[in-house]
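Two complexes, one shared chain (chain A), two partners (chain B, chain C).
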Partner chain A sequence: MLRLRNLWWVAALAVALLVPQILTNPAYRNIAVLTLIFTACTTSWNMFSGYSGYVALGAGAFYGTGAYTMALLSKHLNVPGNGNMFWLVPVGGLAAVLVAIPVGLIALRVRRHTFVVITIAIFFVFQLSAINANFTGGTGGFTLPYIPWMIQDYQLPFYYVALAILVFAIALSASVRRSRFGLQLLAIRDDEDRALGLGVKVFPVKLTGFAMSAFTIGMCGALYAMLQGQIYPQFVFDPIFDISIALMAFFGGFGTLLGPIIGGLVLESSQQYLTVTYSNGSLYLILFGVLFLLVVLFMPQGIVVFTREWWAKRQDRLASTGEVASVQGGNS
Partner chain B sequence: MNSSALIHAVIDGVLTGSVYALMATGLTLIFGVMDIINVAQGIFVILGAYLSYALSVHWGIDPFVGLVITIPTLFLVGIVVERAFIGRLKGPEKTAMSILVTYAISLVFEGSLNMIFSVNYVQIQASYVNQSFRIFGVYFAYIYVYGFILAAVLLGALYVMLYRTRFGASIRASLADQTAAALVGIDVKRVSTICFGIGIAITAPGGMIFGATNTFNASTSYDLISRLLTIIVLGGMGSLGGALLAGILMVTLEDIVGVIWSPIWSTISFFLVLVIVLSVRPQGLFGKRSARIA
Partner chain C sequence: MSELLSANGVSKAFGGVQALDNCTLHVQKGSITGLIGPNGSGKTTLFNVMTGYVKPDSGAVTFEGNDITNARPNKVFAMGIGRTFQLTRIFARISVLENMLVATQRDESWLRGLTRSMSSTSELDAAMEWLDFVGIARLAQLPAGSLSYGQRKLLELAYVLVADPDVILLDEPAGGVNLTLINEIGEKIRTLNEAGKTFLIVEHNMEFVMSLCDSVTVMHQGSDLVTGTPSEVRSNPLVLDAYLGGSDDDDIIEEIAHG
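Let's look at the complex of A and B:
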């Protein structure tokens, strides 16, 4: 059983490696890169928020921190515009962790609803600082070193780096889920006071999870800045980013491993495709909103859990014609 | 820095703050009764503003008179939205889901408003919008004063409804404890629906004043909702008096920072105050300790 499941992951990875060989149109390759970036962010966001139940709507602060780290370091270290800039991607992740620790120290003192709002407030502190501070270049933004790659294959290296980040995010999320640390996060989600009573060191666990999820998001922000070649405060510190990744996670299945991956792949690619194909952003907003409302109303646990339950019921129906096989749906 | 600018900042802050307090009261009422964080409150304010704008542009109806139409309209919108989407939410992730659902609702409204009114910024115009009068050497803009009076009257009406009527008592009972309220025979579901309607209806006057004192388009709602959320968290979520005081306090503070330091940093001060207050008092200024935590 376990081996079969691993096979699926290997097959998915093989397909992912082949995608840019089939998609040769640079516009579509760009969509593919952005989809991987968002899926990695969603997976990583879910690793903290989904497992612990603390819905953070300020992930954009880490994304932007990563992006500005990339922009500022490549400028001040005089990094030439070539593949060496990729080495700054994990540095962007580390910068996001450094930022996440003080943010977590403040935000994680409060619970649930208040936590949601305080993350939004902290996010705006970051965005407004980026707009107003001197070293960030203000609203005019920042231009990164020009990378003189062929237009046709420009996205290719970005695609594989983004894929590597996504694989890292999934592996981290999966191993956290299986670990003692992951169980502690899940215990906090179910009942924080009881977890505390049972000896879980609640605050350090939450802070560690929070900082860990910031790492991947910071790396994604750094990669995004490098891909765009230019950043503006409103684009990398984007409130819509915060809520988009939460939507993707809930769409696929909040707190599951697979859900955010499916949600990110489906929603981000279709969003990008729609924006490229129809320039009407308003129509997209309406479609996106309606789609999400339908999912919440008819599959409130997300499509992954919904499909799994539907499949289990089907199996039950098939099995009940023979022996009585009652399988409790205790899977994650 | 001169002191008259400071006095002006305080007066403007109190006057506009009361309008924010009004909008935030709707938000905190909805949260208190239903455990719903209504992120769509921002877009409903903008919807109210656009309704008043359309009435005054197309039919020449004065925005204050137009409230007779816009308040019931938004009340109905609220009832429909609650019945169709919000009322269906349940389970342990209800509050988290409510943020996303109301966000999706606000996306639908944002897209529709963009298509109807375009993304160009507009402002509600009336003869008194750009006029002011002078008392003791201080200038008062008519629209701010009218807005303040309107907000005060409506908040007063809300207070009377909540504390002097039987229906208000059932709302307060639902605020305090939903299960207990249901046990003594209060139809909590009906109370919730009407509360949501009232919370949204309040955005009509709020939006009208906002639209007359600011230029706006549909995406202005993001700035609005983040301010409103900050206000209700600072006041203590579910606390009506807290929302009122925090609204006036925060907007006044923002204006003062704008005058003595720089307008650039005044918006940040708004959010920084929240962060600082919550690190000292996690339950907000007027929230009850450990109330509604799980």
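Let's look at the complex of A and C:
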């Protein structure tokens, strides 16, 4: 039997499946694909950073790795420009995992601010390598095999693959949250040393979570490269990407399951919409600035937590009307 | 009685401060052993060395005859040594029950944690039983951060117990809690001890230590000064000197002498 909460998920999926039937304009479909990609990334980022409290600002390294894996493999394996290229998407994810393991081995030895700074530094190592290496084509970019699909329906397959990745990311994040492993991540967030003293193998747990989150982000990068047909180091290894997905998670609710989904859907779609509508690539930055100010000022824990607490308070108020409120006391 | 846990000639310096200086401590199986001493005498550092949080410069820690000097804290816990902290450390943003479940795995592989749910029915039952034992079962679903200080102490005790350790190291279990709760915690310790658990307790509350412990070790400037039964320790002039030299707290001297 389906519970009410599960019904919501089913309804959301049904709507998501119908979106491209309503949005027939390729420009809007493109927005929808990018929105799904970013939402999957922020959900996956939050699955590690949100649960464990290790705010990583180098996710772009995995995104770019996925993108270049797609680009290089499709070229060197002579993959023809058609739907078969989608098979390289999970390969891009695996490549990101292979990158995440050594990165994690270094970065996860330190905590908090140091960890943030180290992840940023490692990210720039990747960006600079992509700019300067020969096999990436440098700043001139890298052209992927041309896919001769009709312009009108070009985005359609990408939309469904991106949706599948998002569903995967959400399912993974939800099952991690319910597993012993997820509990250990949450314990690490609250007090890592105490968790260690209660038998949690903190380092392997952190490294596994870090690598798992890289997998989805790498897949998204690969899909993005295939969608664009041409990639540049500064756009797939993009520091704005690092910050964006973190901000989306904070906006929606850092460390919650639902928060990054809402953050990604709202922020990425509005950003793309503003960019397309006003053909102004930086207008969204102003809107984002205002939005984030509001969130930080009025709901620092994000929309989801804020709404949940507001609702709980409301219920409490309704329940306790007429009662003498004496919650205080308690002897210990 | 046989020896369960011991520190032999342990030394540890932090920079220029000799926190532990050739310190030796024996905990007999089935005992309640007290560890007292003035502030800064190295009690907590000794706890940290014995539970793997701090590596000693020299000396050894043994548990059931095995050397565990360089074992990591998770390994130490898995072997059956549980501890609490002086400043209670709980996981504030997860529920009380989830706090309990963190500790239930003992030496499970971390990969196993990926594929299993948070708890099995038996683990859940055990967690609730221990919460009931310390008297906070009704708070199981609340976020642990909403507990009062005393309730946090109880939770910390409960989640150490849930993994069924052989010996439990308590760092100031009576610190900062009211008299009723102190007595309650003392009762719990006695009950558990009768059921076979061994305890090592650091505590400043002399009445608590003297009434509860079978054996008391007094630490002074990083080494063990005197070991004996509570009455032996109480009448030993060296102990009075240690406290006299270490602090001006007349009450404590009064307490040791007459408490």
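Simple rule for what comes next: the second predicted complex is superposed on the first by the 315 of 332 C-alpha atoms of A that agree within 3 Å, B and C clash if a C-alpha of one lies under 4 Å from a C-alpha of the other, contacts with A are read in each partner's own complex, and residues count from 1 in each chain.
Going forward, contacts are C-beta pairs under 8 Å (C-beta built on N, C-alpha and C of every residue); 3 or more make two chains touch, one makes a residue touch a chain.
Everything numeric here is computed off the predicted structure, so don't read it as measured data.
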| item | value |
| --- | --- |
| First, second, both or neither for A:Leu283, with chain B first and chain C second | first |
| More chain A residues in contact [chain B versus chain C] | B |
| Touched partner set for A:Leu318, first chain B, second chain C, both or neither | neither |
| Which of chain B and chain C A:Ser179 touches, first, second, both or neither | second |
| Common interface residues of chain A - those touching chain B in one complex and chain C in the other | 191, 193 |
| Residue numbers on chain A that touch chain C, as the complex places them | 176, 178-184, 186-187, 189-191, 193-202, 204-205, 208, 255, 330-332 |
| Contact footprint of chain A on chain B as seen in their complex | 31, 37, 85, 88-89, 91, 93, 95-97, 99-101, 103-108, 110-112, 114-115, 222, 226, 229-230, 232-233, 237, 264-265, 267-268, 271-272, 274-275, 278-279, 282-284, 292-294 |
| Chain A contact footprint on chain C (complex, rising order) | 51, 53, 72-74, 76-78, 83, 85, 89-94, 98, 101-103, 105-108, 110-119, 148-151, 159-160, 163, 177-178, 180-181 |
| Contact set on chain A toward chain B in their complex | 53, 55, 57, 106, 109-114, 116-118, 120-122, 124-125, 128-129, 132, 191-193, 239, 243, 246-247, 250, 254, 281-286, 288-290, 292-293, 296-297, 300 |
